[in-house]
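Can you keep this structure in mind? I'll have questions shortly.
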Amino acid sequence: MINNLWIHPGLVILLGAFLLPLLRGRLRQVYNVALPVFAFWAVLNMQHGAYGAFHFLGFDIVLGKVDKLSLIFAHVFTLMAIIGSIYGLHVKDSGHQVAAFLYVGGSLGVTFAGDYLTLFIFWEIMAFSSVFLIWYRKTKLSIDAGYRYLLVHVAGGLVLLGGMMLRYYDLGSLAIGPISPEGPTLASYLIMIGFCLNAAVPPIHAWLPDAYPEATVTGAVFMCAFTTKTAVYTLARVFPGFEILAIMGAIMAVYGVGYAVIENDARRILAYHIVSQVGYMVCGVGIGTAMAINGACAHAYAHIIYKALLFMGAGAVLEMTGRSKLNELGGLYKYMPWTMVFTVIGGISISGWPLTSGFVSKSMIVAAAHHEHNAFLTFMLMLAGVGTFLSVGLKLPYYIWFGKDSGIVAKEAPMNMQVGMAIAAFLCFFIGFYPKLLFDLLPYPNHWEPYTAGHLTEVLQVMLFTGVGFFLLLKRLKPEAHLNLDVDWFYRKGASIFMWTASNPISTVNDHIGEAYRTVGFRWIFSGMARLSSWFDWRIIDGVVDGTAYAVRGMGDIVRRLQTGRIQYYIGMAILILFLAIGLDIWLR
Amino acid sequence: MNFTLFLPELYFLILALVFFLLSLGRESAGRDQGIALFLSAVGVCLVALVLNERGEMFYHAYRVDLFSQIFKLVISIGFFLVVYLSRGLKGLDERLYSEYYMFLALSTTGLMLLVSSVELLTIFVALELSSYSLYIVIPFRNQSGGRVQLEAAIKYVLLGAAATGVMLFGMSYVFGVAHTTYIAELARKMPDLMGQPIAIGGFVLMLAAFFFKLGLFPFHFWLPDVYEGTSNETAAFVATMPKLAAVALLLRLVALAGAGATDLIQILAVIAALSMTYGNLAALVQSDIKRLLGYSSIAHGGYVLLGVLSLNDVGYAAAIYHISGYLLMSLACFLVVCKLSRAGENVTLDNLKGLYKRSPLMAFTLGIGAFALAGIPPFVGFTGKFFLLSAALKQGHLALVIIAVLNTAISIYYYLNMVRMAYATEAEDMSALPVDMASKVLGFALIVAIILMGVLPYTFVDMARTAIAGVL
Amino acid sequence: MKLADIIQSLRDKLPTLKRVIYGVIGLTVLADVLIPRGHPVFITDKIPGFWSVWGLVGAWVLTRVCKGLGHIWLMKDEDYYDK
Amino acid sequence: MEHFLSGNQLGYPILSILTFVPLIGALIMLVLRGDTVSRWWALLVTLTNAGLSLSLYANFDTSTFKYQFIEHHSWIPSLNINYTLGVDGISLLLVLLSTMIMPLCVLCSWTYIQKRVKEFMFSMLIMEAAMVGVFSALDFVLFYIFWEAMLIPMYLLIAIWGGPNKTYASFKFFLYTLAGSALLLVAIIALYLKTGTFSIPMLMEHSYPFAFQFWVFLAFALAFAIKVPMFPFHTWLPAAHVEAPTAGSVILASVLLKMGGYGFLRFCLPITPMASVHFMPLLLGISLASIIYGGYVALGQNDMKKLIAYSSVGHMGFVTLGIFVLNSQGIEGAILQMINHGITTGALFICVGTLYERTHSRMIADNSGIGKLMPIYITFFGVFSLSSLAFPGTNSFVGEFLVLIGAFLQNKVVGFVAIPGAILAAAYMLRLLQKIVWGERGPAPVFDLNAREIITLLPLMILVFWVGFVPGPFLEVTHASVARLLEQVQAGGGVPLGGLTLSRIWHMLCSLC
Amino acid sequence: MQAITSIKPLIVVLLPAIAAILIMFTGNKKPNVREAWSFIGGIITCLINLTMVPDILSGNVIQYTVFKMLPGISVKLTVDALGIIFAIVASFLWILATSYNVGYMRALKEHAQTRYYACFSIAITGAMGVALAGNVFTLYLFYEIISIFTYPLVAHHQDEEGYEGARKYISYLMFTSKGFLLPAMALTYVLAGTLDFPLGDFKNGIFPADADPTLVTIAYVLYLAGFAKAAIMPLHNWLPSAMVAPTPVSALLHAVAVVKAGVFSISRTMLSVFGVGLLTHLGLGLPTAYVVAFTILTASVIALTKDNLKARLAYSTISQLSYVIIGVALLTPSGITGGIIHIANHAFSKITLFSAPALFTWLRIRKRYRK
């Protein structure tokens, strides 16, 4: 399985995860960090090429297809795993960590997958492990949400499987490679839908804001990084240049911020922002130029870091106060200032402020759209930028740490959380200050320079005036304790309709069929007929038989009475009958 | 005139005279019985000795042939058996024993004369001889205060007289159309005359007396009443002996009509069917065993008539065979009745209860007798009935045959009832029934005879066939 | 709680802070007028201060549209799905 | 005559010996004293007979259809009635079944019969003589004599040693079967008058006009249908079974009912082939009705003996079905099924009898829940129950399966209609088994089988599996005779394959009316 | 393709029965010895099965005719790849199930344990027989043995509910096998003159080429309905009802013997009796697939509504069984392979799943005893 001594970081983490429950205390914490670090090291030392190729059930399996595109994602995934592990060090439940590692391992597996079968297996591992990150929250809401999350992913997985199988049927090969935008087939679209579901492209995005806010604190940190970005990777790998993706990406960028504006739950705001940010990437993939792909990859890289940072912040608040709804929070700056600082760094980073990672990466996609002279994409993405800063850069920190004092007294987050946040915050700035490091990782050579005066003024203008707008609209933006409908309405309501259908018509019909067998089969056809037959046998048949016998006997009784004992009668009868007989005979002839 | 031709009749006449002489002296039951038994046994031997005699007497009015001799033999055996069976004579006054035997012997003499008579007037005389004796014997019964035997006797006398009257009436018609009273003559002339209503009418009327003797419908009415009224021993005689002679005469007379007499056969068929059905149906509900046997004998008369009306040798042989078998079966039942009856009283079905315990042999005899009467193989009743049915079916009397077999099925009920009472019930009084050795021997002999005759009918049937060759 | 104190002190000097920010805003708009941009693609690329307007109007539009839609249609009680 | 009689390969009159050994044994029994002596004597006689009968099987020539072990003596020459005995493949197994079942009947009556033991054993021996006679008689009169003679001991068995309602049952049994066979006698005589012989093989040689066959067949069929018994002539059976003592029930089920099936095979098909073919739809219909009706009524019973009695109606329905599909599979299956029914139902009656000795009740409710108390009994009972529902691997399955194959070969619809009967068999047997093994148990303790009872049941259990797995030896003996039988039918009437069309049924019904 | 005659299949089939006899004779007095018989039986059976694998892998078929009954009908055991997979799975799981049984039965102090183990073993005999059956009759024989001997297991608790469930269980199985299987078998025999499976050939069934297609189709439908152990709708209701049994029995039903015997029998019938060629020719694969697909969907939906864990698992089983059949019904090599492998897969997963309710019960009992 391993040639040229290639170490599959995904498998390392997957298998290594099973060792985790055996360890205790400090050792486990060390192992917890060492495992992703080892994987990160393995990624860093990786050479391009195809590894781990073998035959299985008649399929060509390629476990490790290493090129620049997969490397950059693997790079950030392992890096993120390190950060997440540190952030989650305090978690006592090893199962939680195992799930997280399985999840990470799954996404790394997807990243290096050279064929659809491998991809699918790791894809499902991701879905099935990540759901535990939700369930470990152990509230009814999270269990429900996790269940929905899993079902949606399984459904998506099946669509993907269907596409895969159709593709295999068409081509006879399961190898993964770019599909030409010209003349796409049903198989391609099915695969695309499967990917898009994980990328949370509206209208099949609702699982994300539904599930992530219900995940555990650490779980959400992991989840925000991997599922969608793996999807972006696969889209970039298979569907570069599909215009539909560009349009959808642009729409989802705005769609996400739209909901973020009206959302109340901090982590749900962030979740919608994942939708929005992934929209940039999807848009970049859809534009499909080298710069756009580069932008998408870079944005994915940057996004993982700052979105994780944001989730870490929101998570820290949740961990310490037990709340995440904005209307219930406020005035926490006194108690959790470091968390606030890190979160704000994440916030400005996502908004794309200069000197942060978001500035570097996001602008690349916008610029690519600009280069392509696509006004729709450009302005949609710019509008999304406004919304992003409005909701995450300003609204989120404002209402958590400032705003109306909620009267909550909380402690600062634990050290491992802060370390995790600090690393992420550092990386945000580091990439913003020194983007070359990121640019070198990009799949295509980079010719784009983010820090130009025009660009800077442009971004600053938008940001600053958005800020102005925010403060002018402060009253209107006040968080409201409400729930917002999204397309998950269809499957949440649909599920309850479905469950109603399942339990009422179908299950009831099923029970009734069983009962019908019982009634018709046992009661009527067997017992009833048996009783009827017994009755019939006893009364009718036996009645006829015995009745005949009794009738004959009765006739005997009648005949007996002819024997009157009177002699004159005897003689008279005898002679009369004899003569009658003779007379009759003579008369008849 | 060959004296040996008339030997049986003469012997029985002498037998009667012996008892007449005995009746003059002091009455002694034991002596009378002993002598009767001895003489009747000697009678059987004598008849057997003259079995192969052939000849005619009394101006051709009297014919001795195998047919008549066989009947005489059977009659003598019957007489012996009845005497043997009625040794106890519980139902009779001891003073009357010698007279009783005298009349029985006279009646037997009459029956023997009857089977040899081939002239109508001779037949009439012989018939009257046998009947008058019986008229006197029937009321011999020492039932204190009861007049039932008298009633029976009167019924028998009056009905007998009526039947004889009818017969004479019929004879006159026959003589009128045929101008002869000789059977041999009649046999020549009758087949041609059978087309005439008057001949048919006369012929059937002539048969009435034998219907009466055999207890066939519609002259059957006396039968149950007489059986019930007379003593058990007399009933045994009445039930068997006259019937033998009646069958013989029926055979002789019906043979006159010739094969073409379809009207006669139709009338006989109706009579047979009615007799069987009437007898069996009425027997179903009887509880007095003699009465039951009376009805049963009506039915058996009907069966025998099946053979008679088939008008062929098979049928005639079957009729002879069956009536002989009937003698055995019937006597087997009467034996049990006689033994069961403590002081000559009538026996009901209830009296049979627990018989298997009280006297296994009697129970067995009754069982065999009943099953034989019912026509269950391998007993004689079955074989006889089988022959009868074969004969009737051969003549194409399918409907009659079916009526007969259905009647068999009906009759099984009351026969079975007797067996059930004897075997499957318990009585309050389970004391052993006193049965003397002689009766045991008789019972055993009857059983063996019934079975043997049923299983090996060969000799008898062949003999009967040869005999009737002369009649037809 | 050193950091918290810093923040507290900043909050205490809010008017000053505001003034500084206004200044920065002004400078930015000025810079947009002064600094030449790369090759223009869209017409908006030629309008100075366009992105300022974009930011302000965009924020307003987003807020009004989303909140409006929310109030009219999207916002439901929190136990909506449990009912 | 030689072409269907193959002589006696044994040199001594084996069939007569088999018939008369019990008879002589019975007569000797009369002079014996004491109950125990009677029992042992009866056992000795029946065992001797069973042992003797084995030589039949050992010396049977399976390659020919001819009647074997022939004895031929003139009996009543004037009527051409002969004493002819002989067996062929059809009757051999039934003779063996009769002789084999008798020792078991004696054994199972060992303690069951406490009063009038001698008479009981006497009746049993007489019965055995008659049974062997029926199956080996080749002369119609002889056959009829044995046929009817059997009624007497059977009647006595029921009437004397029967249950509370014995009078009714015994009368019904006797009257019904006698009434049925009354017309048989007429038909026999009619055949004789037509041909001048009572020899069964010779009667088969003749061909008769259809109208004649028509009536003869009806007379035959009525007698045999009552004996089998077929719906709706079956009601004597439950009555007789319920009241009869165990041995009586066993003999009734094992042998007496077979006489009906045997009669169909021996007389109806070869002697009246055209009528058989003509009435095939009617007989098939009645068979199917018997199967299903018997099953249903059995399902509705609460009396174990009644249940098994009605199950006999169903099982014998399979026999007649097999006979009247008129092909070799069906007929061989029917013969085998007769044997199977003898084994299985006999065994079930013995089982019920042993239980009755312990609980003095035949009601299911009174006997339920003995699973824990009588494990050996339950093992036997379970095996026989399974056999009764034609569980694969037991004897009945092979027979039933062959019959079904025959039915499907003849007509698919007939085959399918017979299936519910098989289902019902499963239903009532499992219901019985479940209640007996597991029902609620009252406090009365019962003891498990003793050695005698095990010895009684063990041979039957061995047979159940023997026939179930290796039916070859049993079927082998029937091949030639069945083939011959079919030839006769084919020559006489021609068997329509799948010919059960509506028009045929209509035509047949019209001819009946 | 070479047919090797060996007595091994017979030994495999008889071993569990022998174990059952030993169990019965050991009885309640020595529970350890009694349960050891199950273990020993399981291990030896499994090992003997494994020894047959090399022969099978080299493309041969092992067969052994026990009894010849009628022409074309015999009790005959044939080992091919399809059979040996099921045999190995069932015998291996027997070992697991035994250990599971021991824990469960002892912890709950169940009554009638001897009967329980004996019936369990005989059910395994049935499963082995079904797996190694060489003709339809043998298949039917052992199929019925399973039905009968699992009946006491289902009704083990001997209460009202147990009887009711068991009655339903046996009714469904008996009535379908009698009502459908029996005529199907008769029909097959009538059409083909034999019931023997062709050796190692899934292409051609046993029907002659000129067999009436309508009748063959009828026979096919009858077979499908007759093997009600496969729980294809609408003949699935017995399975949830049989859940009244002790949980290890459910494991036996679902994983080891019963339902597997059902789907195995259907697969066997489709492949060996009808053959891929005939089924394709008659176009019966796709309709079958639709029927079982309906079962898959509906059963899954019903499973969703069941809050009782065992009931839910029961419906899940119903659904999963149909996967096996849908695989075979596709009539393509990979479909058939997938179907067969799924027998093993589902066996292992279901026995694992069934340890959960048992564990819960066990924990609850233990808690009660602790108190």
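Chains: A, B, C, D and E, in written order; residue numbering restarts at 1 for each.
By definition in this document, a contact is a pair of C-beta atoms (placed from the backbone, for glycine too) under 8 Å apart; a residue touches a chain by one contact, two chains touch by 3 or more.
Please read all numbers here as calculations on a predicted model, not as lab measurements.
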Steps in the shortest chain-to-chain touch route ending at subunit E and beginning at subunit A: 1
Contact-linked chain groups that survive once subunit A is dropped from view: B, D, E | C
Centroid comparison with subunit A (C-alpha atoms), farthest chain: B
Chain ID, smallest distance between chain and overall C-alpha centroids: E
Per Cα centroids, the chain farthest from subunit D: C
Two chains joined by the most C-beta pairs in contact, as defined above: A-C
Computed distance of Cα centres, subunit E from subunit D, in Å: 38
Cα-centroid distance, subunit A relative to subunit D, in whole angstrom: 72
Whole-Å gap separating subunit C and subunit D, where each centre is the average of the chain's CA atoms: 104
Per-residue multi-chain contacts in subunit A, two or more chains: 549
Junction residues of subunit B - those touching two or more other chains: 413
Chain pairs that touch, as defined at the top of this document: A-B, A-C, A-D, A-E, B-D, D-E
Residue numbers on subunit B that touch subunit D, as the complex places them: 314, 356, 371, 376-378, 382, 386-387, 389-390, 393-394, 398, 401-402, 405-406, 408-409, 412-413, 416, 419-420, 423-424, 457-458, 461-462, 465
Partner subunit E, residues of subunit A touching it in the complex: 58, 499, 501-503, 506-507, 510, 513-514, 517-518, 521-522
Subunit D to subunit A touching residues, read off their complex: 172, 175-176, 232, 234-236, 293, 296-301, 310, 424, 427-428
For the subunit D and subunit E complex, residues of the former touching the latter: 386, 389-393, 398, 401-402, 404-405, 407-409, 412, 415-416, 419-420, 422-423, 425-427, 430, 434, 438, 469-472, 475
Of all residues in subunit A, those that touch subunit B in their complex: 549, 552-553, 555-560, 562-563, 565, 567, 569-571, 573-578, 581-582, 585-586, 589
